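Quick heads-up: structures coming right below.
Here come two complexes built around chain A, the first alongside chain B, the second alongside chain C.
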Partner chain A sequence: MNTLIFFQTAFAGRRLATLGFLWLVMITVAALAAPLIAPFDPLEIDPVGRLAEPGWPNLFGTDHFGRDTFSRAVYGARMTVIIGTGSVAVALLAGGLIGMISAYFTRLGHFLMRCVDVLMAFPALLMALALITLLERSVFNTILVIGIVYATTTARILYGMTLKLRGEVFVDAAVCSGAGHFSILFRHILPNLVSPLLVQASFIFAFAQLQAAALDFLGLGLPPEVPSWGNMLSEERIYVTRAPWLLIYPGMLIVLSVFSMNLVGDALRDSIDPRFKDDIAGV
Partner chain B sequence: MLAYTAKRLLTLIPTLLAASILVFLFVHLIPGDPAAILLGDTATPEEVAQLSAEMGFDRPLYVQYFIWLGNVLQGDLGTSIFFRQPVLSVIGSGAETSILLASMTMIWIILIGLPIGILSATKQGTWIDQITSSGAMLAASIPTFWLGLYLIMIFSVTLGWFPSSGFPSLSDHGGITNLRYLLLPSLTLAAPNAALIVRLVRASMLDVSREDHVRTARAKGLHPTRVAIKHIFRNALIAVAAAFGFTFAALISEAVVTETVFSLPGIGRLVVQSILRRDYPVIQGVILVIVVLYMVVNLAVDLAYARLDPRVSLK
Partner chain C sequence: MALLEVQDLEIAVRTKGKLLPVVQGVSFDVDDNETLGIVGESGCGKSLTALAIMGLLGGTTVRITGGNIRFDGMDLLTLSDGERRSIMGNRMAMIFQEPMTSLNPVYRIGDQIIENIRQHQKMTNAQARDRAVELLSLVRIPNPSERVDSFPHQMSGGQRQRVMIAMALSCDPKLLIADEPTTALDVTVQKEVLDLMADLQTRMGTAIVLISHDLGVISETCDKVAVMYRGRVVEAAATENLFTELAHPYTRGLLNSIPVVDSDVDWLEAIPGRVPTLEEELTGCAFHPRCALVTKLCATTVPQEIEYKPGHSVRCHFSGKVAP
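Up next is the complex of A and B:
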């Protein structure tokens, strides 16, 4: 219920952010119902119908294998949601735990946060590239790599926010009533961090899309056969003059989704607890 | 200030050492004999045995680390498998392109980001503000390689104004005019970063404008432009300067992509090609160089920040 009110106040009077939210809902529906929406098999090759212009029945045209671009774009939405939620989950779970524990157990925390500092000395994409060198190209590994990269910033942010809450009276009260460490961290402190975590999640989701697309473009992201928007751009870029639609549609889809996620994050950030506002850096 | 500088320098050393351990371990995390990995598939067993003995790969890991660190401190980052050249000179050959690209990008970021940010903040709440700040967010949402491909399409293929790829050195034929090769890449790279600076300048100017000294300046009847520039913008710049470390990291990351799109012979493209070629010594060397550079830049930013805002070093 609280979360619902939080969302209502965040989007009240913000038309662009509401549109962004609706777009994300559409993407999620497309991802869930991809087999029902896509008119063709995204992997089916048709050598005769190569590079067909957008029209009927190929709404977005076909690529150089004769695969239907619209169907691939619909299945691409599925990859977008999987990569986004996966990276957010890894980043929030790993980073969140490290951050919260560090702020609570100060001595251990001092050590853990120094480790985070060291990891943060590696620029994001460079760290992703270094990790990808050690792993194979797969959906899981892409999620893992992007998740780890953003776990460091998440740890830093949650560390700061937990530190602020630790000094609050309600935490002292919980300690006095004999609550254990686990209960204080997860039953008393964590519920106060839900809305800032949602904001952080939306920004990670947006960044993760850009990073995943960049990795796909460099040929170091998802396996080439996986229909993701990044892979579609990467594979078809040499046909840019012959078949411009092959780059327009997936590119626009990425831009719209990242933009929507940023708008949603921005709207949510403006309505969270003012104490935490400066902790979260988005766009 | 001196004490603060010394303190920051001292905290840099352990972080630098820890980062170097991670970079060192990189080669050891790849499954297989590290000597064979460093020499590539074409190496003979004798060569592998020789490197193994040189680097002490049969000795405990910490001994190997100190041997490696000793070599690194003497400027020996190993030998590239692909180029058969010292890693440092391979990296050096990409340095000119990358440094020029980064410098041109920085100029664009300042020329585009600062004025639009000031405009957005001074016109807060108007349609100008709405367009510029949503526009900035949109620009930050565009994948750099996609933007680059379209700039090539429009300005190189259709209009033929600028070359679409490559970069001959400034010392080659053409001299300073060769910089035109970097115009589209630097604009591509600048777009998302200038957008972030626009948002940042706007946010910190709005923060400063709520402070007492600004109210006093307005109350004594100063011209609004003068208040905006001398009293608000100057103070807001402190927060912007602090963000330049972050911008530098973003530049490095996105340069990898931009250099690949425009086929520029820089360090970014070198990393990608080395990963695809499994040229591990080069990957390791580039990571090390960039991490050290990034730390130095961050230190410089922190010190500049402390100089601009003396309250920082007193904390």
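Up next is the complex of A and C:
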């Protein structure tokens, strides 16, 4: 009930953000019900119908193996959701733990946060590339690498917030009531961090898509047989002049989804942190 | 043996590699059913003393450098973490100065009280909840069975302070430390909270350490008073003696600066100057730059604690000459 009211206020008067939210709902539905929505098997090869133009029955045309692009795009949504959720989980779990523990145990924290600083010195994509070359190409490893990259910023943010909360009187009061370290960190401090974590999650979700698409495009992300939007771009890029729809549709899907996630993230952040309110009117 | 004994407590702050003493040689004791008032201006080390007793000086910048604190025969400074936790909130509890921030904003107040109870006592959730409601009615929160499900932001400052008191009392502590419990509240609520504490003391025999800068509050509620100035107890006596035969010029100054409602003066007396900061090097009596009775002796020699009258100690070279 509270969550519902929260979403209502977050999206009130923000038409674009609401559209973005609806778009994300569509993506999620597509991901969940991919076998029901996709008219063809995304992996089925049809040499005769190669590079067919968009039309009926291949709504988005076919690729150079004759696979149905629309079906692949629908299954790609599944990858989008898996990569996004997985990366968010890894980033929040690892980054959150590091940030909170660093702020709570200051000595250990000095060391941990300097390590985080070093990792943050690398550009996100470069670090992801460096990590992925050490590992095999798989869905899990892609999630892990992207998660680690964004764990650094999460650790930074949560470090600051925990540091501030740790000085609050209610934390002292909890110590006085005999609460242990674990209880103070996870029962007293963590619940106060839920809203910043939520905002952080929505942005990581969006950035993870771009990162995953970039890795796929460079041939270092998901294994090539997995239908993902990034892989579709990567495989079909040589057909850009003969069959541009092969690039336009997945490209548009990536752009729309990332844009939507950013809009939703903005809306959530503004409703939590009133300082940013009305940055861009109506968005 | 008294319930709480503080002996020669020394606390120092580390700044720029130097250890600056903030509390020096503070000693006092509190018995069951007794209220000790600690009074002084801001920055005199009152709160630090309280935090030291509660073991909240864990950081690297502020630390206890000497003395000992005994509670019920146990040395609080050498207890293990686990032993300390079993005492905190159970046999000794603290009320903080800021009622607006001392409750966790994301939990219902009932859950916070329940957590404290169940931390120390074997009770089911339902039993603890009944106890929480009972405690809330004890601290005169109207409609306790409904308010138990309120969030802190739904309550006023006075109500929150009462919730804090309820929480502090949830396990019938033997010692209650109240660090300026009424400073953030307006006068009428102040009186209610103080009455409540006094009432609970008579009912449960709790020992109370009341920290305040308000001598009016102290005079009404405390059995004995320790006046602190820049980290030292400069005068300690039973309350009625302190107000009738005070012996330290600082106490005189504090008393003089209380506005008297029915006297017709338009100039409020104040102690000139301010409490010296930690960085300022001081020789002799810490109060001498502000004292009316200052002599050369005061600037060079730290006055020792002397027994001015039985049960009335003071740190001043001229303790007899202060006009009462």
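Basically, the second predicted complex is superposed on the first by the 268 of 283 C-alpha atoms of A that agree within 3 Å, B and C clash if a C-alpha of one lies under 4 Å from a C-alpha of the other, contacts with A are read in each partner's own complex, and residues count from 1 in each chain.
Definition applied: a residue touches a chain if its C-beta (ideal position, glycine included) is under 8 Å from a C-beta of that chain, and two chains touch if they have at least 3 such contacts.
Keep in mind the model is a prediction, meaning the values are calculated, not measured.
Judged by the touch definition given at the top, the superposed model places A:Leu51 against neither chain B nor chain C. Contact with chain B, but none with chain C, is seen for A:Leu233 once the two complexes are overlaid on the shared chain.
By the document's definition of touching, of the two partners only chain C reaches A:Gly178; chain B does not.
Looking at the shared chain after the overlay, A:Glu168 reaches chain C, while chain B stays out of its contact range.
Of the two partners, chain B and chain C, it is B that touches more residues of chain A.
Contact with neither chain B nor chain C is seen for A:Ile37 once the two complexes are overlaid on the shared chain.
Applying the stated contact rule after C-alpha superposition, one finds that A:Asn192 touches chain C and leaves chain B untouched. Residues of chain B that touch chain A in their complex: 14-15, 18-19, 22, 26, 29-30, 134, 136-138, 140-146, 149-150, 153, 157, 195-196, 199, 249-250, 252-254, 256-257, 260, 271-272, 275-276, 280, 283, 287, 290-291, 294-295. Chain A meets chain C in the complex at residues 106, 168-170, 172-180, 187-188, 191-192, 194. Those residues of chain A whose C-beta lies close enough to touch chain B in the complex are 16, 114-115, 117-119, 121-126, 129-130, 132-134, 206, 210, 213-214, 217-220, 230, 233, 237, 240-241, 244, 247, 251, 254-255, 258-259, 262-263, 266, 283.
The part of chain C that touches chain A in the complex is made up of residues 54-56, 59-60, 81, 84-90, 93-94, 96-98, 101-107, 115-116, 119-120, 164, 167.
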